[in-house]
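In order of appearance the chains are A, B, C and D, and numbering begins at 1 in each one.
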Amino acid sequence: MKRIAVFTSGGDAPGMNAAIRAVVRSGVAHGLEVIGIRSGYQGMIEGDFVPMGPRDVANTLQRGGTILLTARSKEFMTPEGRAKAAENLKEAGIDGVIAIGGNGTYAGAAKLQAEHHIPVVGAPGTIDNDLYGTDYTIGFDTAVNTALDAIDRIRDTAASHSRVFFIEVMGRHAGFIALEVGIAGGAEVVVIPEIPTDAQACAEVINKSAEKGKRSSIVVVAEGGYEGGAEQLARDVRQYSGFEGRVTVLGHIQRGGSPTAKDRVLASRLGAACVEALLSGASGVAIGEVNDEIRLTPFKEAIEKRKDINHKKYELARVLAL
Amino acid sequence: MKRIAVFTSGGDAPGMNAAIRAVVRSGVAHGLEVIGIRSGYQGMIEGDFVPMGPRDVANTLQRGGTILLTARSKEFMTPEGRAKAAENLKEAGIDGVIAIGGNGTYAGAAKLQAEHHIPVVGAPGTIDNDLYGTDYTIGFDTAVNTALDAIDRIRDTAASHSRVFFIEVMGRHAGFIALEVGIAGGAEVVVIPEIPTDAQACAEVINKSAEKGKRSSIVVVAEGGYEGGAEQLARDVRQYSGFEGRVTVLGHIQRGGSPTAKDRVLASRLGAACVEALLSGASGVAIGEVNDEIRLTPFKEAIEKRKDINHKKYELARVLAL
Amino acid sequence: MKRIAVFTSGGDAPGMNAAIRAVVRSGVAHGLEVIGIRSGYQGMIEGDFVPMGPRDVANTLQRGGTILLTARSKEFMTPEGRAKAAENLKEAGIDGVIAIGGNGTYAGAAKLQAEHHIPVVGAPGTIDNDLYGTDYTIGFDTAVNTALDAIDRIRDTAASHSRVFFIEVMGRHAGFIALEVGIAGGAEVVVIPEIPTDAQACAEVINKSAEKGKRSSIVVVAEGGYEGGAEQLARDVRQYSGFEGRVTVLGHIQRGGSPTAKDRVLASRLGAACVEALLSGASGVAIGEVNDEIRLTPFKEAIEKRKDINHKKYELARVLAL
Amino acid sequence: MKRIAVFTSGGDAPGMNAAIRAVVRSGVAHGLEVIGIRSGYQGMIEGDFVPMGPRDVANTLQRGGTILLTARSKEFMTPEGRAKAAENLKEAGIDGVIAIGGNGTYAGAAKLQAEHHIPVVGAPGTIDNDLYGTDYTIGFDTAVNTALDAIDRIRDTAASHSRVFFIEVMGRHAGFIALEVGIAGGAEVVVIPEIPTDAQACAEVINKSAEKGKRSSIVVVAEGGYEGGAEQLARDVRQYSGFEGRVTVLGHIQRGGSPTAKDRVLASRLGAACVEALLSGASGVAIGEVNDEIRLTPFKEAIEKRKDINHKKYELARVLAL
């Protein structure tokens, strides 16, 4: 193996640059040439390749977003698109590819590897933490802290006005972000896709909180946690509660910002581990960190298996809202 | 003058606690007793009074929200409500009142003073900066920096994906927050109530930005800047632009958080100046800071006159988006 | 078991309040009364006890420091002091004690339990992460992120001026903080107690970095990592390097601040687990989290065994500084 | 005027990049070519010039440090050095120069203009705020907020341990930073060069604070505020006070970081105003902002006159520490 390529795909996540940097520097340390593919699979099809040396990733460790850009590619969804991409990779003499992204990125990588026999490994780059085969994904810790900062701010207003706030956080089909910020932000209720919540039960908790002397309540709602989102939940709860609810959808601020220490370290480890995995002959696998050890998981498994939330943590959130 | 009271009213703003602390400590330094009225005008009607000494405001300087709470009061809108409030004040031996809040707070204070001859002075506590008689209001600088942090985060994603973002910030009927964060955040377009913007012109700027090689554009929209808000503007712009726009409404996160240095210093000065104004016999005036000097403005003027944005700054925003 | 007590001791750490809150609320949820002991072992001797209910810990989750205060106690070092403390506990009807702190706190707790047969469990509250029996200590993640923020700031200046900065971080006799911020901050050299570094080798890395085109270098020094600290290392390096080094000792800013999400969640879990451990009859043990599971470790082991740094991470730091 | 140059010199300050960006974009908007000079006066002597267009300053608004770098130049102190610099400027066809920096930068600019008749204007880029002719310098607001964040963190520990902290902040020969963070951080004592403080008086305030029930005290010391700095003051105070003082020297963290909204807006305005001043024929002047208006001050005056602190603010700090 002489030359490898790296790209980012799907939604951007804080720490992607740290992973790219680790791939480049650790690749070069192992005597490899490293090529950056810009704009994900679309750039692979268009041959948007750029050689990367250690200095090209200087001063990127602390930056949000991805210096390699990311994009959706409809063309890559077709066999023709993937054939074109594979041809470009082979023409450029690329012996192995590192894909940083989420579930969709892994699915594309699996196809590229299966159809064109190009060695591909993946690193989990998504704020949602919804990938099997790793305890945490790159960007999750930063997104949680960004959402938490927002909740801390909103609590100032909630407490000053005796109000109930419904705060919708990201997470796609999973409640990881919501559960973590729910505990860390002292939410009275946490609404996640994994555990159905009905509006009446939610209203009861809020009403009881008021009886216990709490001046305000915070309800954290995962984006897939309630049909119609936080807006609808607030409307439904109003029927059972005297409180006027305010709704805030945190949205895209959760994707950006300088990565936390944890995300930078995780991304650095996983980026370097991807290089080592390729060098050791691995392919078709996602690289993760489980119990502080590097773990390889076949793409198929990483895509199909579902990582469950920690139900003890959900119970903890409930008890601590006492 | 022996005993004064202080309260906060209207939307909460970072720095209100710093102002309360300054009233209490500077009042006590002048030999006065200070009473805190909880929950604004409603608490005045209900007699929710609490004596405050220097230690009661310890460790509050850095807190968002307001330790005296704030609330809407329909009852105070009526002459009967105000009479009840005045009676409570007189019964409690209160010789002067300091009202911290926005336009509505000033209007209430003006009536209380006019109808019941209680000396009242006001301090501008609102994130919107839309009060005449002061260069800046307490909370504005913090809200601007909070919104700016959000825009910096969103730009990470915008730049990684080649996207146009429409970001709605607070400001009520004024564009102060939007203009400030527009310049500071490097927005391509700033949409404020003071200067009508049409969707086609906005789209043209975005299209030209793309032609100039910009990968992304940020449009900052003041909450009163466009009929239907940022959501509607994004829809309207889509007709004239190839770009897919994303919308983020920053909402209540702008009200909270630990106040910036500037807001703490401003609040401290104005709180102390309110005490001095009352002691010097002033009444029916709002206390502000203009060109680094304390300025007294009659409530009527403060309520009716409109502070305009700095049109050179608006022009600057346009030029710097080059 | 009907009544338990909780206290904090040793250096304060962000998240201690989250742990106290979890003890109180989870204790009450289990039908216990909870007593707070102020100022650590000294307060235990002086009988400075205060009953705590769920509302008493409201709004503390996000606060740095410890609401129960902490102090050194020479008296508790003596058998007489401990006897007095034990007597106070028994008189107050306390059936179990939860001690939050570091190594010294555990040592005191072990003696109290051994000499006076009072059930005691401990939770790891220290920014240094130097406690055996837990992957992370409460406060470590926050301290790392605070130090990282400082390093990010200093890098701005280092890069603008072509300078070498020596930054000393906390950690007592361990390099956990230094290693984590070294990787996350992109340090050229990380100097920790676990692995001896000589000034000449350090200078060589800096010189080579300059040859590779790096405009600046950052050397992160753990407080116990070099005889004489960062100041001495900078002086020694100067002999072998043309660069003028600047030194910054981060100091006490690393102890404070609002805890990160990770620290709040960890503290919440461990606080609740302490209550459950006491209820299940455990005593003389430290409660930790290992591989996301609660782990009980006898005090003796927790005090005597040494948790080593991850040597692969140290190697990673070296490679990524390429 | 067809071609202008811009450079940064002296200590770096947050917002310098915003000023460079404003010079470039506003210059181009006025039909000028803009040349960046790297590494200040040293780069001027070495002819380290680089043409800058609007895209070259993209994504720099939010970055600390200076993309044009800064350096000390002994050679420029000599007439020969300055002659060489002037020759380079003329050879490159530069019709006007914009110097961003502090007092030393202005002094160099004044000589360059006087000796070689090259139009030069200056913008105040320094965190210390010690320049006459402007209310605030670029970087001051950011430095104040960075120092304030540090003080907020330290207060957590101070309050938890009943300790006195002496915190040394930057400011060169002026107390602007110290005074601002002293008020904003609720310091018990503020020690600045403009007003001599003796250790005994300082100790008395601390002792009285303890008597009043304050658990901790913060003393903010400007770097030039006490002979021997915060360390010496702490030692001297110990003689008159029972408290054990801890010292933290904030150091270089105050120079870096993403600029605040205020610094970005100020830098943007001043950068654009520099271009307009050159175009209007101005030379040998520093551009500042006084009472929200652009003000031109001859270099000689800007260098020689001293801007005093606001003594009412100093008095306010004293009263609010009650």
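Assume a residue touches a chain if its C-beta (ideal position, glycine included) is under 8 Å from a C-beta of that chain, and two chains touch if they have at least 3 such contacts.
Note that the structure is predicted; figures quoted are calculated from it, not measured.
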Chains in simultaneous contact with chain B and chain D: none
From chain A, the most remote chain by mean C-alpha position: D
Inter-chain centre distance, chain A versus chain C - centres from mean C-alpha coordinates, in Å: 28
Centroid spacing, where centroids are CA-atom means, of chain B and chain C in whole angstrom: 40
Between chain D and chain C, distance of the C-alpha-averaged centres to the nearest whole Å: 35
Residue list for chain A, restricted to those that touch at least two other chains: 152, 155, 159
For the chain B and chain A complex, residues of the former touching the latter: 8, 11-12, 14, 63-66, 69-71, 146, 149-150, 152-157, 159-162, 165, 215, 246, 248-257
Sites on chain A touched by chain C in the complex: 21-22, 25-26, 28-29, 54-55, 58-59, 61-62, 135, 141, 144-145, 148, 152, 155, 159, 180-181, 183-186, 212-214, 258, 260-262, 264-265, 268-269, 272, 291-292, 310, 313, 316, 319-320, 322
